[in-house]
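My structure is below; once you've seen it, I'll send some questions.
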């Protein structure tokens, strides 16, 4: 069991619970026993060196992978029990997961319909406005810059107002303007009561949004604490040590 | 890891709804760019032309050659459409978004298959009249059963082709593997379709074509179900 | 759970050689069959010496079908249990099956030409065997195109099962095609009224080929295990993850 046991500060009901999560690939454990809980309004920033298993963990939580052992529940429902639990999850990645030939609006509307959102058109418009990209809504996505594509991708991920938002290195390739917009949007989601899991290499960006922070190494959480209890400087040093130890 | 379960009956409307959404999306993409459809049509027309000039018109009448040519062309132009089927999901990892959504995996397969089916049917809708034109095939009175055969053959082609397209796109030799894996499976379809068409055009009684048609129907039934069941196994879960 | 099985079936500490007693016995059996075929079996009255290829052709065909059935069954087993051993057997059986299928496709024409004057004919068995060859070839090319072991096993299993589903349709199509287009029966199916010596030779040859099948699959399986062990060692040594 990694780090200090955690009590959620506001004791809200948990949005996502992972218990003893294990995922192995051909004998190698990418995720090797992970336990944590994220409640509404919380953001867990997850740091770690390459190959630590962060992306695999995210894919487990998104329902893209089945655990080899252990369980993960979203809103109390196991992700493997059926497709219903996936409706509560939104996924942002460094790949945009968009269809280049379709417009931003069409992409987000498609996502809305896939998630069964009523009045998909209005929801899509709302999401695009929120991500400040509504003025380019009718442009085919491949004509947009990377930063704008990422914003459309986030709009796609939030259009169904998921209770859990999973972000895998979403800052990759974003410029300052784009990064600021992303941070604002994620903070907004968090403050509206969503639970966030933010995987990133960038300590500053991660800690800016986080209510809790964890470091993952070789498939396990080696540190897991609340943001308030944490001193950014010593944290950065400890993190650097852990990363170089693996190199 | 347990095998994915088949959707139970009450979920069927939801399955079809999701499948249709995905099919619509694929068709929207295809319609936006149109390159694949256009290429497949041009390819079909070129094929018809090449075959016409490639044999001795005095030895074999055009109308005798027509069924064989039609269904060979159908196979290869269909493959062109199938190639791009899962390619759109690979760019920017859009497939992840599909898999993360609350839809059954079988719905993804069905949606893609429906889109491919409409693609192939569209190409056929142009190739068959073109064939009639180039090869002096009188379609009056037979075009309806011919359309029926065409649709049945398209179902078979698309059922298998969609699955192999999903598999091939994840491998190193995608463009080579799709035809290589699919063509043995297409042969019962093509044979049955060509034999039925030949009898149809020759004005033979329907009873003669029935055994072939039965093979085609059986193939469609078996492989639509088998490939829908097999599809989740092609996903990395 | 599955991780422990990834190198299950590995030979014990005394690394078993790939060429072993089985292969030696099989080689002997096949050689003995050849000897019997050539020197100790009377030639057939009408077809002469060329008919003796039949003793290779038919057993090879039967074993090719057996190999295919093994591929299909182990494919189902793999998808059900996710045991890598099933996948290795499927791979081994497919390669050996391809070998036997090639033997059938080469001995068929070699027999056909002197007897019927044509190298190839679309008779039922030869056509079916040709399709088997295509499916085997596709199976092996598919395997070659996927570096990752788990995905490779999964995809191969899907193809193996679908291939098995295809065979009845091919058979039906060929049968229907032939009844409507009568063709000379070049390679007649086994006639029950074979004289006893020929029947014995046939059975002996079949047994020899079957032994060869088993021995080759065993050897190929071991090779697959060695490769898997090597791959594991490499991935462990390239740094802890």
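So that you can tell them apart, the chains are marked A, B and C in the order they are listed, and the count of residues begins at 1 in each.
Keep this in mind: contacts are C-beta pairs under 8 Å (C-beta built on N, C-alpha and C of every residue); 3 or more make two chains touch, one makes a residue touch a chain.
Everything quoted here is computed from the prediction, not taken from an experiment.
J.: Hey, which chain ends up farthest from chain C, C-alpha centres compared?
T.: A
J.: Have a look at A-C versus B-C and report the one with more C-beta pairs in contact.
T.: B-C
J.: How many angstrom lie between the centres of chain A and chain B, each centre taken as the mean Cα position?
T.: 39
J.: Report the inter-chain centroid distance for chain B and chain C in whole angstrom, where each centroid is the mean of the CA atoms.
T.: Distance between chain centres, rounded to whole Å: 31 Å.
J.: Please report how many Å separate the Cα centroid of chain A from that of chain C, as a whole number.
T.: 50
J.: Going by the touch rule set out above, which residues of chain C reach two or more other chains?
T.: Residues 2 of chain C each touch two or more of the other chains.
J.: Which chain B residues reach two or more other chains?
T.: Residues 1, 236 of chain B each touch two or more of the other chains.
J.: Could you list which residues of chain A touch at least two other chains?
T.: 68
J.: Along chain B, where are the residues that touch chain C in the complex?
T.: 1, 3, 160, 163, 167, 170-173, 176-177, 180-181, 183-185, 187-188, 191-192, 195, 211-212, 215, 218-219, 222-223, 226-227, 230, 233-234, 236
J.: List the residues on chain C that touch chain B in their complex, please.
T.: 2, 79-80, 82, 131, 134-135, 137-138, 141-142, 144-147, 151, 154-155, 157-159, 161-163, 165-166, 169-170, 172-173, 176-177, 180
J.: What does chain C use to touch chain A in their complex?
T.: Chain C reaches chain A through residues 1-4, 6-7, 148-150, 232, 235, 240-241.
J.: So in the complex, the part of chain A that touches chain C is made up of which residues?
T.: Residue positions touching the partner: 24-30, 51, 53, 68-69, 218-219, 246.
J.: Please output the residues of chain B touching chain A within their complex, sorted ascending.
T.: 1, 18, 21, 25, 28-29, 32-33, 88, 91-94, 96-104, 236-237
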